[in-house]
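The same chain A turns up in both complexes below, where it pairs with chain B and then with chain C.
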Partner chain A sequence: MTRSAAKSKAAKKAAQAGFVLDQQKNRLICEGDWTIDGVASLEKLLRRVHWPSTQRWVLDARGISRMDTVGAWLLYRIVMKIPGGESLLQQSELPSWQRSLLDLVIENASQGMKPPVEQKLNAFGRLGLSTVRMADEMLDMLRFIGETSFHLGILMLKPWRIRFRQIFRTIQMAGVNALLIVGLISFLMGVVIAYQGGMTLERFGANFLVVELVSLTMLREMSPLLAAIIVAGRTGSAYTAEIGTMQVTDEIDALRMLGITPIEMLVIPKVTALLIALPLLTVYADITGIFGGMVVARWQLDVGFYDFISRLPQAVSISPKSFWVGLIKAPVFAMIIAIIGCYRGFKVDGSSESVGRETTASVVASIFFVILIDAVFSILFTRIDW
Partner chain B sequence: MNQNREMVIEVKDLCNTIKKTLIHDHISFNVQRGEVLGLVGGSGAGKTVLLHTLLMLRRASSGRVTLLGHDIQKLGLDEKRRLLVRIGVMFQHGALFSGMTVLENVCFPLVEHTDLSPRLRRETAMLRVSMVGLKTADVIKYPAELSGGMIKRAALARALALEPEVLFLDEPTSGLDPVSADRFDHMIETLKSQLNLTVVMVTHDQDSLWRIVDRAAFLGEGKLLALGSPAELYENDHPMVRSYFQASRPDRPKSVDDNYRQESASRGLGDE
Partner chain C sequence: MRGFSRAIAKIYHNEAGHNERKNPVHNLIRASFRGIAMEFLLDINDMHCRFDDTTVVDGLSLHMQPGCLACLLGPSGCGKTTVLRAIAGFQPIVSGEIKLNGRLVSSHNVQVPPEKRGLGMVFQDYALFPHLSVANNIGFGLRGKSVKERTRIADKLLELVGMESHGKRYPHELSGGQQQRIALARALAPKPGLLLLDEPFSNLDVELRERLATDVRAILKSQGTAALFVTHDQHEAFVMGERIGVMHQGRIRQWDTAINLYYEPAERFVADFIGQGRLIEGRMVNANSVQTPLGTIEVNRAYPWRDGTAVDVLLRPNDIVISRESNIRCRILDRAFKGADTLYTLALANGDDVLSLASSHQDYSVGQEIGVAVNAEHLIIFQR
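== the complex of A and B ==
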């Protein structure tokens, strides 16, 4: 039977491959389909066999109806387990198609069938490596910030090279398109704060203090944080994915070759756009958040809209700069998000997996740093009594 | 040609329209077991669309395609899976999974479609890798660390992983230098005879056309303009086929080459 004819039947269910070691007659009898879908049974058989230690075996492969390279490799492996396997294989009578397959396999197996194992480090090695990597990353990041500032400086001197169109488009995407979600979340946050705090205040009969509660929390902390976290998730990740994909498809190199610095074209418009969009979003979140508090106050705590609003200036005057405390943080957060987002995008190394990895890293890092810096701001503002 | 040989692919009256543009206009041809069929034609002649139709990546607008005895338009999900295991595809840019090493890429089809043990899977993959001429040290590299030629080889190893009967190659030698391309062609030819493969390849490389293709199908103007051995195509007097074959000057069999040289000299083309 020719191999091609045998192969054409491959569509039909493969007969299981098998072999028997006939200890009396010193014969190795093979039969069945020695093909990729038939050899699974062989492997089970292999585990149970007691390999002979005597010489002078005969290979009987007439029962093999079909064979492919996987089968040929297994046949080779099996025969090699028998003492004197090399010569046994040489002397056996095999159909020419089986012989040529075996030759092909043996030739290729001589290169070695074991993939090289990568040197694994011990715990100290790994610790050291990740420390060095972290330090490298820090330096890299600093370099990136420096480069961005440098180009920002150049653009200040040559303002006609600022890409306004890009900036406006990015503001549209990062700011305007985020209005709904930012508004909704900060409204709900206002509702939650008013509701949770209001219940306690009500017990003391201090319902009207809900105005202070909601307005101060929203203005000072909640709005800038919420806006920044949503923007980090929406826009920071998009920055990383966009630049990362451009990296994979060589678009970044193409830009460089056209004499355009990627930082000027991609990073600066994004940073600028966020510097404008995030403070605006923060103010917007202030408004919707306080409105959320107002709604709860009106229906749960008997503080009407009019009373609420007329009490607002007085409430905020406890610490008069609350509004600015919130607003000053926004551009700092914007810088963090935009810089990390872009930086991570440039770290993509050419595999599609790394796009995903860097995007995750970008969001996690920006949210982490936003909250960290927020904590630093809190201490700072307390010290200067704002 | 021997009429008794089994047909691996039969294409009958295939038509494809994309956005109201007719790409294929009643194309019919057959591929026999064990032959190497080249799909040639200028850019935009619909070679890739035809390949994608054969591979079931897109549905034909009308017509019939039979692959290994199955009408590919009438396959159930299970049948399709079983049929796909019997064909191997090497994409133009390799399409290696960039998050996996070469070894993992080659092992992947084995993990998905066979019940081999991890050890045998690894050995099978190593065998494939060796067959396509990659070094053992290369198998733990990621696609991003490989050269163009190595990517092509690794992609071929993955295409061969499941012992396919039919191998589809999309421009296997594009982007390779002439020496590597030559070696790659040689390798495909060797593997083809050793593993008894049927090969369908899209190619722009006239060298490979002359070297390994048994028959070539020339696509142009939405039709199958010519079908025959490269030498027959070279003699074809359809203006598109003619201009295609005279557009470049690869080295080719002596007799044809001389013929070509005289012709181009008389047409005033000369050497470049």
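== the complex of A and C ==
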């Protein structure tokens, strides 16, 4: 093969691109095809070059036979490694076809080329961030409530799909098994109220008013709140842990793959069961609480069982709707506890550690919301004079 | 009343179906094309998935025919499980689309929930329901069927997976392999068109893994169920997958049969990832021979590069044979006895090393110089 033939063959293919840094004349000489086919060798060359630290370089790009945006981008990168590269690029005399490509690259390279700097937030920034996260969480929870309500509605229309067995089992666990602890705590609370209040009443010789004191406090406030807090600690946490564990073991995903909506299968029976169990527990706490007050009245305040019970209707008649005030709150608390418990369970991200975290969060959140809503109820009932 | 609730359910659950009804003309055209579009069981086009700022799946396309056993193979973190979860409906996609039997189930604004997709899935850690017996686990997805029918199907599937006598046991009483069989039976019970398996054998020991993979393959074939499964173990993929997609950085690099992946890797990553082998430096002598430190090797096909092009040559351990007559001498750097064969690591003159698999009848020791020759049918060359 003659030399000229070889040359022409090579010319048809991409001539390799290259550049030389002429240290004596301070010139950057570029030559060859600066196209996507030609520049492959440049990357290697780039790594080996020792970049000058002196200023005032001249760019000599006359040797560049062809160029596309890849070449222009590389040229840009090379020149930018030289001190004062930016002005060098601006000042160099280049053919217009090279200039237009380079301008395009410079324009695009100047924006978004630097990696985003992680901004450290100050106290306000962090506060804002956690507020936004909290708002997101709230929205997420609203979505969950919406979804649950939707499925509840569907089940109302298709009652044959309700899982009665699940509901009864949950009532057994959340209600029946809690009778002892709810009864005991409510009894003790009755004792405490009667004791604390009764001592003061005794000083005024108004011992018998302990009936009003105990019955109204228990009916209106104490029993719904006590029952709800105990159920939140016992059952709400159990809901979170159960659903969370199923989340960790992929059982939730497995359910969905078998065509079963987890909300219908897991959440609805739990919510329904608690809606039934908590009002019943509240009534039960009413009874044991008043009984606790009765015991203190009998032994400490000389108000006998007979006197206490016969005074009870009259005492309650001061505010006749007291029983209902307490009872209306119970299903609302039940909803709060069940929804938060289940929602937190679904929030578990797959590690067993997060089961514990979410369970704690579930109990804290449900007790907080129970007390918050209780306060709202107090205001509402005062307004409507119940 | 029931009609009303059904209508609500339809609107709520099936956005895809809802959208379809918008334009009657469009609908007509779509209907007439459906015959053609239906031929794919699973049809993924240019799918992207993202977690916060990181793109996990980057423009992935995948098509599966009914009855096909396919596999996604890749190193951990390549996005293969995300793909599976996107198909199942657990993972939203940013752009692109997923169609099942021609029905759009995922796109940037559509996500049909997993329970409405009619797929089956086998999970890595089985996910059996611990409080249910094995038979009840299998029958769990068969709601709306009578108890008798459920028992019949459960018995049939127990027989299929070879565990007839275990119906009354509970999951925790079974070994890992048995649990995985039950998980497979449970996923097959509702007769899904496509079964997804997420690293199904990774919790099992090696020996059991291969045996179970063979069994599962036979079971799926006998049922005619298409399956897509995900693994990082290439032996498992070779046993199970009729088609294997090698994934890397959120994309399928090659979608091919096991043999082609091994002998005809389309790119460096596949060559490196599949099988053992080393890339050594070489230079093209002419279109079908290449000069390497192991001598000039004839290539079984013509490469379009210029003579003298610097290339990398892929050499598998069984491409290099030990030969007394050869005048190419290599020093043994390392040896690993594997029973019938011994795997030698050999040092080349230029500092590269290659692997050679030789019969263990003759034993050579580390440091010894031996003569080697290249005996390669399929030689894969990449331009440097």
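Everything that follows uses one rule, which is that the second predicted complex is superposed on the first by the 262 of 386 C-alpha atoms of A that agree within 3 Å, B and C clash if a C-alpha of one lies under 4 Å from a C-alpha of the other, contacts with A are read in each partner's own complex, and residues count from 1 in each chain.
The rule is simple: a residue touches a chain if its C-beta (ideal position, glycine included) is under 8 Å from a C-beta of that chain, and two chains touch if they have at least 3 such contacts.
Treat the numbers as computed from the prediction; the structure is a model and nothing was measured.
Q: Once the structures are superposed on A, label A:R133 by its partner contacts, choosing first (chain B), second (chain C), both or neither.
A: A:R133: touches no partner chain.
Q: Just to be sure I read the superposition right, which of the two partners does A:S100 touch: chain B = first, chain C = second, or both, or neither?
A: Only chain B is touched by A:S100; chain C is not.
Q: Report the partner of chain A that touches more of its residues: chain B or chain C.
A: Residues of chain A touched, chain B against chain C: more for B.
Q: Taking the superposition on A as described, I'd like to know which of chain B and chain C A:R62 touches: first, second, both or neither.
A: neither
Q: Quick check for you: in the superposed arrangement, does A:R143 touch first (chain B), second (chain C), both or neither?
A: So A:R143 meets neither chain B nor chain C here.
Q: Taking the superposition on A as described, I'd like to know which of chain B and chain C A:R27 touches: first, second, both or neither.
A: In the superposition, A:R27 contacts neither chain B nor chain C.
Q: Identify the partner contact of A:W73: answer first if only chain B is touched, second if only chain C is, both if each is, neither if none is.
A: first
Q: Is A:N108 contacted by the first partner chain B, the second partner chain C, both or neither?
A: Touch status of A:N108: first partner only.
Q: Given the complex with chain A, which residues does chain B contribute to the contact?
A: It comes out as residues 6, 33-34, 68-69, 82, 86, 98-99, 103, 114-117, 120, 122-124, 126-127, 130-131, 135-137, 139-140, 142-144, 162-163, 165, 194-196.
Q: Sort out for me which residues of chain C touch chain A in the complex.
A: Spelled out, the residues of chain C in touch with chain A are 1-2, 4-5, 8-9, 12, 88-90, 113-116, 118-121, 123-125, 127-129, 140-141, 143, 186-187, 190, 196, 306.
Q: Of all residues in chain A, which touch chain B in the complex?
A: Result: residues 3-4, 7-8, 10-11, 35-37, 39-40, 43, 68-70, 73-74, 100-101, 104-105, 108-109, 111-116, 118, 349-354 of chain A touch chain B.
Q: Under the touch definition given earlier, write down the residues of chain A that touch chain C in their complex.
A: 13, 150, 153-154, 157-158, 249-251, 253-261
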